[in-house]
């Protein structure tokens, strides 16, 4: 680790160029060959660089919003592999596949290498001076309220700079959009606990009932939850936690559950209320108003509505009563439906009734720097932006960290509305669907060449500022970091304030060093503080205490009604969020495309999951190409038949079906976002992701599905390969 | 029923008839040769493509690491066994009807071994490193792994090939002398002069010749059995269900003799026509050959049933699953075709009327070999498709055109070698036919008329 | 190596594994994988791609069964005709089992795959001629053949993706067999570092890439000879003996509390990877 | 006194046998029975009986060759394995006997065959130049008797040959 003081930028230059010679010798590194650039040899290298010995630098993963600490292995100036930063309390040295594929985002051959200005249908390479000048000109030429900035979730110093820039423009239109975000759950939590994102202590729970939360796969902070899950399964005292997953389409978490309950889609809230009723009947003390509100939810009725058997409801209630504390989590149950908020409220109520609040549902720490605190994205932001664009209220649009053209449902007509915006600037790594529509495309540094700070929304303990630092010299001289771009833009607007900063690095360093007291470095000199922060990769902050409400109350509880079926579109479409591809922004990383989906083992394509019963009814077998038609559109994909899905439901994974972006993503699969119906959560106005009804018809073709699983399927054929036993037969505390 | 070789045939006539085959075959010969070369072209093209692109183009995969190359390799190795059977075993047994046909059977042995050897090369992922299999001294003290059945294969095939080439050659020396004495100019004269080593047919030469020939014949019989047993142990030594069968070595040997006999019938008919050998390759010989083939077919059928039965009644569920898969899975049509061609079709050969009906025999003998080739493929493909580990089963693997092309071309290669041999060297053993005629006439107390009119 | 050395130290060289009376001397690398912790998330597989320069073969070649995942996650269902997979799936990370009596080793014609002194099943790429007999004989089918020359194939490592390649690990050309090495490049460094310090590798000093990344810590890896090693303690506790093909668990009825087992042990391959059975709660 | 060669060709094998028998019995001066060589298109074990007991030694070559082949193979293989020690095969000893026996067996045969052929060439005196007295008829259908004897014996030879219906008698050209 870097503990001594040195000029890191210079170091990286030396390292980078040295490395470049090693890496690219004979590979046509023309700029060096042409004599335009110098190569510094290893003759006078720093003593910590030993050729063939890997050096590790800590940084922060930018592949998803969980903000895991990463440790890049650098050798001869090249970053080779990302490993987990053991000092980060989020992932404690562990990683997921998605995070590790960050190197492929960095080394991706399809990255944009210079600013491109639209010229007809083509992008014309221009200089940064020209590009930034053009932006200055365009934002100067319109009213401030006509400038809109669309971003993904932001935090840290980039967020602060962005806010300053928007302030400097006088525009308040910052749309923070995440296509896949637990925003309805946040709202419900806020209502129930007074906190949007409480800390979940899976490791303390003895029973977890998850209503569609794929916390092991793609939900909020999966690597962190996976570690908690390991402790939950094998606690120090040997007690093994019980995981019950209630959902309509099996997620990775569902596949790991002791009991996976296939529930009729959207009836999770009913089950939660039914459980409260059963618990009350079993003698759990339940506040009077709650008991009154749920008294109609008898096991029989709940079973009829939800499709979960009486027996399982009874066993689950008994388990919850017997083993405390437990933890109830609302995932897709909240995000999926028009009454998602109501579901989530009911589920939160179950948590409160069980007395879990304060035990397994904890208050997080407040962030001491609100200007850097994470602004989580939601889907409503895109609706708002879209409406404004439709009404010609947006003249200059910036888009950063989002790919709305890809992730917006077709019914939003976003692409058409975008055309009404006269000047669209997209900050991008790839020519993705949104960049293709842009007037000006500004290429960003990869996350492994850029400076930034991040504050993850979900941190296990305290608060934390994660530092993202370059792990190697930039691959392309024509790219720029987001921080640098914002700084340059701010220099146009507020030159006096920012001219002292040569680049974002110097801004960041001075911003952090000047706040070192609050950042836990009060007793250190500037250099020591800074180097320590960089070498650790994270700065622990003293969080402010936050209150959490544990009062169980039936207030705000709206009894969710079961669905009305639609005979023209008889099936529910669940767009599945896969652990690898999420909303599709990482689809151009080949490791992720070739990493088999855990449940179906399918690679390199989309698929339609279907229950054997449904398939039999429709005369469909595995590999049939079907047309999945909703009111808003239709897609065609291959069918995969398995029993991990409710018969009323089909599921198509998100993230596939790119029409642009790059060689590994383009043309792979179909985009399930496109056919989502415009149904919204009644309380928050968020798009209800699972509310799309579809009909499935055979398209006539049949293919052999490309998957890892063989013709035996998941059958062990009686051979002792993966073995399972009842947990009652083992004493885990005796194990090592 | 055709006539057998005339006992009173003039010896000079024998020379003349056989030597004529070196000069002017029927036009069919050239047609066959042309087709053979075209087939080789297909194989060479396929191999170049495979060599430059990678083994993947043969459409094998991590479940099916072996494919038609190994199957066809076994097929050709097997084919080679009947030459040994005819020339060595029947020689020891003094069955004189072998004499007109053993030469080409031996040639078949040699050339099918040479064809089989090519498949070893074609099969390797890194053909250019094939010499690693050879035990040669080197400064790294690295040797081949002598425990590997593939190394045994290498030893066995090298031994078998060199022994059978020598056997063929030694047995041909007196005939080469005849060629030398009857051809008066050109490269052939030089070739025969050199190759006949100055053979004069002296009593000393004949005496040593007889012992040598007998000795090598004695060596060849156990060698042939061991070669195919070793090829069988490529499979039987492995733990793959469907391969790990004790009866594999005899099963392979029987299969080898079977396909070899069928191939001899095919080539018999072709040579008889192309080189006008009707006088020597007579129908009574064919009849004996067909009966021999029938007997071996029944032995093979029995061993096949034994294999199935021992798997069926054995305790190894995995092997049993494998067998059921073979008979009912996607490979079932080929499996049952193998049973039909290998066990049912040869029943025809038991009927006298078919035993000398050359057109029917020609078709049947080819079909028998189709069956035997299928047998080898059915050992390879279904086993890989349905092994120990269900996760990696792969029931949908079919060889690509590249594989088929090379397999197809191998038949051209064999045909080319064989036909060229028959054109350059006497494919009927003249001196042995004379011996046969002589001994038969002695038995008849009748001395042939030495001055046959020609 | 000289003949004299060979003769003098004959008994040392005559290692024959598995055997109780001739234990491994300094190292015996082994693994244990807790299937109750494994969530099937595939992080280990991606880590292996990153560490070991595995080619991404693309859809078409994957469809032909040419994939290269040295560690693959298998997913099994209860195939008893139940309506729903209501006990979830069984995930199984399958990698080279580094068998003590490896079927692949004996059949390689050129001796390209061998048993190393520290108990690995090694694969010598330079020596491999690509007969693929090892794969044919591997009951676990964890050997992967280079069906194509991946470094030269479009979009496997296009510039600049090739810069990610780990210089510690060979990029394999067409025609050689490859498989999990237990990250032998890491082991070698760790052993040599430890030797410099005059001791042997301590437990936890070296991790395989898959173990390092596993979010639930389902994979343990270490030196079975080291009495302090976690993996050794696990094996001991589960009464799984490296050198036996039948364990206490198989033998005794009352020993069902153990959940350690090795896959296809009855084939007498003596694998170096022990799995711990998945658990399911019976109360729900 | 120089020796002269004489080759007589016979059509009738029985006559040739009779001629040999007579030569043996005639006790011609300046002629040794061992100097007589029979040339025939096929093998004639019965004629050789008349020639007397002439042992064949090829078998000894065979025995030595086979044993050497086998032993050499075993020791080469075993010693190669022994210094191939660092590449152990799991579960197998360094020098495993069963596979080595397979190789020994193969090399036993190979050695046997090779040395037998060598023995044949040595014993049969091949390759050699054909003697000047050779008729292509010998490889066709006639039997030839080549005798070597003193100048004086030639007449006696001829008499016997003609008596037994020799078709042709070739005489070595004079010096």
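Just so it is clear, A, B, C and D label the chains in written order, and each chain counts residues from 1 on its own.
Methods note: a contact is a pair of C-beta atoms (placed from the backbone, for glycine too) under 8 Å apart; a residue touches a chain by one contact, two chains touch by 3 or more.
Everything numeric in this text was worked out from a predicted model, so none of it was measured.
Student: Going by the touch criterion at the top, tell me which pair is linked by more C-beta contacts: B-D or A-C.
Tutor: The comparison resolves to A-C.
Student: Look at all chain centres (mean of CA atoms) and spot the one farthest from the centre of subunit C.
Tutor: Using the mean of the C-alpha atoms as each chain's centre, the farthest one from subunit C is D.
Student: Averaging over Cα atoms per chain, report the distance between subunit A and subunit C in Å.
Tutor: Measuring from centre to centre gives 32 Å for this pair.
Student: Calculate how many whole Å lie between the centre of subunit C and the centre of subunit D, each centre taken as the average of the chain's C-alpha atoms.
Tutor: 63
Student: Centroid of subunit B to centroid of subunit C, CA atoms only: how many Å?
Tutor: 43
Student: Quick check: what residues of subunit A touch more than one other chain, meaning two or more?
Tutor: Expected reply: 704, 709, 715-716, 719, 721.
Student: Quick check on subunit D: which residues sit in contact with 2+ other chains?
Tutor: 83-84, 87, 89, 92
Student: Residues touching two or more other chains, restricted to subunit C: which are they?
Tutor: Counting only residues that touch two or more other chains, subunit C contributes 1, 67, 74, 106, 111, 264.
Student: How is the touch graph of the chains shaped: line, ring, star, complete or other?
Tutor: other
Student: Can you name every pair of chains that touch?
Tutor: Pairs satisfying the touch definition: A-B, A-C, B-C, B-D, C-D.
Student: Taking the touch rule as given, give the residues of subunit A at its contact with subunit B in the complex, in rising order.
Tutor: Touch residues, subunit A against subunit B: 704, 709-712, 715-719, 721.
Student: Give the list of subunit B residues in touch with subunit D in this complex.
Tutor: Spelled out, the residues of subunit B in touch with subunit D are 10-12, 15, 135, 141-143, 145-148, 151-152, 155-156, 158-159, 162-163, 166-167, 170, 174, 177-178, 180-182, 197-212, 215-216, 219, 222-223, 226, 230, 431-432, 434-435, 438, 447, 450-451.
Student: Give every residue of subunit A touching subunit C within the complex, in rising order.
Tutor: Going through subunit A, the ones touching subunit C are 23, 27, 52, 75-76, 78-84, 91, 93-97, 100-101, 103-104, 107-109, 216-217, 222-223, 226-227, 229-230, 233-234, 240, 242, 244-245, 250, 252-262, 312, 315-316, 318-319, 475, 579-580, 590-596, 598-599, 601, 603-605, 613, 642-644, 663-664, 668, 704, 706, 708-709, 713-716, 719-731, 734-736.
Student: Which of the residues in subunit B end up touching subunit A in this complex?
Tutor: On the subunit B side, the touching residues are 63, 317-318, 321, 388-396.
Student: Which part of subunit D faces subunit C closely enough to touch in the complex?
Tutor: My answer: residues 82-94.
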